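Chain naming follows the written order as A, B, C and D, and within any one chain the residues start at number 1.
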Amino acid sequence: MSWDKHGKEDELLTWKDVMEVERYVYTVGPDSEAFLRGLREGKILGRKCPRCGRVYVPPRLYCEDCFLENGEYVEVKEPYLDSFTTIYFDNREKRLDEPITVGLVRFKEATGGLLAIVQGIPEIGKKVEILEYSIPLRVRA
Amino acid sequence: MENVGIVGIGWYGFSTNVHDLSFREMMFEAAQRAFYDAGGMNPREQIDAFISCQEDFWEGISISDEFAPDPVGGSMRPTMTVAGDGLQGLAHGFMLINSGVADVVVVESHAKPSDILTFPEIVELAMDPVYVREAKIPNYHFIAGLDATKFMHRTGVTREDLAEVVIKNRASGLKTGRAPHASMLSKEDVLSQEMIVYPLTRVDVARPVDGAIVVVLASETFARKFNDTPIWITGIGFSTDNSNLELAKLGDAFYLRKASELAFGMAKLESPLKVNGMFVDDRYSYKELQHVEALGVNNVAEKLREGYFHEGSYLPVNPKGGHLAKGYPLEASGLSLVLDAVEYMREGVSSAVVASWRGIPTFTGGVAVLQR
Amino acid sequence: MKTNLKFRRVAAIGAGMTPFRRRMLETPQELAWEASRKALDEAGLELRDIDCVVIGSAPDAFDGVHMKGEYLAHGAGGVMKPASRVYVGGATGVMTAISGWYHVASGMCKKVLAVAEEKMSPGRPHPQAVFRYIWDPITEKPLNPNLIWIFAMEMHRYMFVNKISKEEIALVSVKNKRNAANNPYAQLGGEITVDDVLRSEVLVWPVQLLDVSPVSDGAAAMVFVDGDIARRYTDTPIWVEGVGWTLDNTSWPNRELAYPRYLENAARMAYRMAGIERPQREIDVVEPYDPFDYKELHHLEGLMLARKGEAPLLLKEGFFDRDGDIPSSPSGGLLGVGNPIAAAGLMKVISIYWQLKGTAGKMQVKRPVHTGVAQAWGDLMQASTVIVMRN
Amino acid sequence: MVHPLKEEELKEHFTVTYRPQAKYSYTAGQALSTFLRGLREGKILGRKCPRCGRVYVPPRLYCEDCFYPTSQWVEVKDEGIVMTAVASFISWTRDRLEEPEIVGTIRLFPSSPRDYVYPGLFHRICCSYDDVKSMRIMGKTVRARWKPVEKREGSIEDIECFEVV
């Protein structure tokens, strides 16, 4: 029927439907549980690979290179800003009341990092102070 | 390994809303054109395997693979889906031919983002549920924002440079028949735009677009049966940097560094400067420069300012407009760049590099080296 | 399909899987890691030895993550490697192994890790709801279908055309759950009787609760390497000798459901590659896909191991028992081990691999085995994937 | 080592609850738009392949076998043979139903029992659980029971069910 297509608006139909379950309940796994418990106590935990010594933040069950189970949990310190961005409009292109600055906070000698809402003047590599231990973190640059 | 030839290519759509055809009908239209391009081949007899590239939540159908075979002539044939970018599908086709199970393979990919009513939420669904989705950042472009800030900090690329990319690509699109977002812009137009997500404005961000693309691949032995001047894929590679945002390298397209290492090695291409054109993913203006850099071109900011990447210069980048002009057809994005490259090469040049990216929030990309 | 195959020989040298359970604490990435680590350990390899990663997983809507392949790449060892995900609905598990095969056979990679994962537990109120979205959104979805309908319709047609009774079909469930009692990874092994099956809750007549495989979380992984280097790692490589896959058309209400012609097509492709001319004589052990009990019979016929409509007869005679002529689902199949969709398919391949290697432990079949076949099925009664392996 | 959990044990663990938003407006396209409009008028429309003569219901704009555009609208009968029928005691969310819902596939006329591929629909069938259980319904001729014209809205639901003639 390549040769007899029609294009009138009322002849072309669409069908509305969804592809949703009511909700998802994700388990977070043993390592994220340890992390979230630490977060409540104001601690940022990482987990160390016994072979290469890399510390993963947030902690991970396994090392992505050595592929072995990670060992001890360690508390990581000295957060700094790896990168940042400021958001002016939301997903639907509606202007936000207040622009939000989001950053990726990494920790000294650790792999990985956490998303954070940033106050103050952001700068790449700048040390930050954690104001609130939550997801996302709240930090002051 | 032997080279694999692109003997036919066809497309349909590239409009912000293909209202009159369902995605299946778009696939059929694109397939018809591709088979005609391949010398009027009969897909029911002359094709050994079919590959479709799609993702469930883009389609709104769980197991969307079900709808892959019929419209491309693949029912009751070896047909499969690669849940990835079209360029990954091309790599799988390349492997099928080299493994010997097939001589002629069809790779198909399509997108119907106009059917998706909750596009940002679908993108969000691809993010890690614990650490990224839970952060509830109001705009998913923030990942590009983080990446762009770091990239510009490291390389010295400025907002003016990004504007130059936007102007170049959107204008180049005016020459092609499938670029709904092409336009003439001046530097002031671009620089006066409001930021959506720092450092990106509305014109720095490409929009999704409806479209379907079908590519016919053939082995060295069979290629000339369908086409006197096949475009050869002499090298292909793809790679995933870390899929978790916090573990991936920000500000550098590591995935393309790895993918191009594989593809260039296979094609025995010593330097990316030796090709006649580059077709790289430019879903965000900075991504074009970042991707060109990852392919092994140094000092991209300076080169851009010297006019290196403009059409008619040493190394044209996206001379057909890229995604900024054409929009990105989701998983068909990689194939849309291949389509640009094939058309460009059919105009007479002898080689090109295609580099794709799967978009937010992934860190996956593929590279193909095309030669005549 | 080409007949003058020039491919490199491909060997499987390692496999691993997690137990299959209704609900797991671990994230999909962690499940994938657990299976991958075991497979690497068995192969004697480290992740840095692996060139490429193939991922298999069925609907994204189960795990509740869009672009699941990207998400799983981390646990499957795909970081900074060519990692891609293949997908043919329920048939994905065996397709993952087939894809692993062509990654190596094409010369693109020397060593491949193939990982399949499925976590069905996150969806609420029940994972079943996801299956409403596999149907045509305009002509079928408005009727609010569930997955079991599709199986029930095919089963009833199969029973009607071939005059097969529920009792005959229930024997599959009995056999597979008995076999699963020997499988350390199994979710639902045990001794049941035909009566138990017939007395269980009617879900969608003719399908009852014990006709069905359970909902599960789990992962499985295999390592495939180039034949030239296989003996560096093991004395007993298991060779992939034939692969085949076929997709029928989308419109399942428009075709005969009593016989899976697409499976026959896929099987013929795989058999031709492996040089099998008389499947019933040349195949020693088989793992047909059995998410529902009649499916195993349906697939044994499609694999040409029984004539149309005669699989139940052979089953009754003990032909497919663990000590029979062609043991079928010695692992316990999906009915006994569990059904984390893609992982269950790869589990079938792993079962054949262990049988051929002679390391299946209590699952090992009585007679000596040299040629094994694993098969999976999926989409809207349209996809089949077949792999033939030899020792 | 992995940790299996029971549903009630989930409470002791951290979980993330997320409400997905995945809404679509599926484009029916050329073939299905006309099909749906046909249903509104009480007609079942199919497309015929000029090469092999096969009729596709639900219609498609291409013949999958010939890979050729189908060329002609044909109206098939709203009557056919029950190929298979089942009785469902569970809903799509797996809740228990008191009264079973009966569905099946129907091979629509004109077609012959020898056809492997035929015009057909998946729909509800109005019959008793016993008809299904005894397989009496299989092979029976059924006809569409249409909704009253004013209630039809161009949907597969414009047919209430198929009932035995």
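In the analysis below, a contact is a pair of C-beta atoms (placed from the backbone, for glycine too) under 8 Å apart; a residue touches a chain by one contact, two chains touch by 3 or more.
Because the structure is a prediction, the values reported are computed rather than measured.
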item: If a chain touches subunit B and subunit D alike, it appears here; value: A, C
item: Winner on C-beta contact pairs when C-D is weighed against A-D; value: C-D
item: Remotest chain, subunit A as reference, centres from CA atoms; value: D
item: Where subunit A and subunit B are represented by their mean Cα positions, the distance between them in whole Å; value: 26
item: Centroid distance [mean C-alpha coordinates] between subunit D and subunit A, Å; value: 42
item: Distance between chain centroids, defined by C-alpha means - subunit B, subunit C (Å); value: 33
item: Multi-partner residues of subunit B (at least 2 other chains); value: 19-21, 32, 56-57, 60-62, 69-70, 75, 115, 117, 121-122, 125, 129-130, 134, 242, 244, 247
item: Overlap residues in subunit C, where contacts from two or more other chains coincide; value: 24-27, 30, 61, 64, 74, 79, 125, 129-131, 133, 137-138, 249, 251, 261
item: Sites on subunit D at which at least two other chains make contact; value: 3, 5, 10, 13, 16, 18, 20-32, 36, 60-61, 64, 69
item: Contacting residues of subunit B [partner subunit C, same complex]; value: 1, 48, 50, 55-57, 60-63, 65-70, 74-84, 88, 91-92, 94-103, 122-123, 125-126, 128-130, 237-244, 247, 254-255, 258-259, 262, 358, 362, 364
item: Residues of subunit C defined as touching subunit B within the complex; value: 1-2, 4-7, 27, 58-61, 64-74, 78-90, 95, 99, 101-103, 105-108, 130-131, 133-134, 137, 243-251, 261-262, 265-266, 269, 273, 378-380, 382-383
item: Subunit C contact footprint on subunit D (complex, rising order); value: 1-7, 10, 13, 18, 20, 24, 26, 28, 32, 35-36, 56-58, 60, 64, 83-94, 100, 103-106, 116-124, 129, 132-133, 135, 138-139, 155-157
item: In the complex, subunit B residues that touch subunit A; value: 19-21, 29, 32, 56-57, 60-62, 115, 117, 120-121, 129-132, 134-142, 145-150, 153, 194-199, 242, 244-247, 250-251
item: Sites on subunit B touched by subunit D in the complex; value: 18-25, 28, 31-32, 35, 42-44, 57, 60, 69-71, 73, 75, 112, 114-118, 121-122, 125, 129-130, 133-134
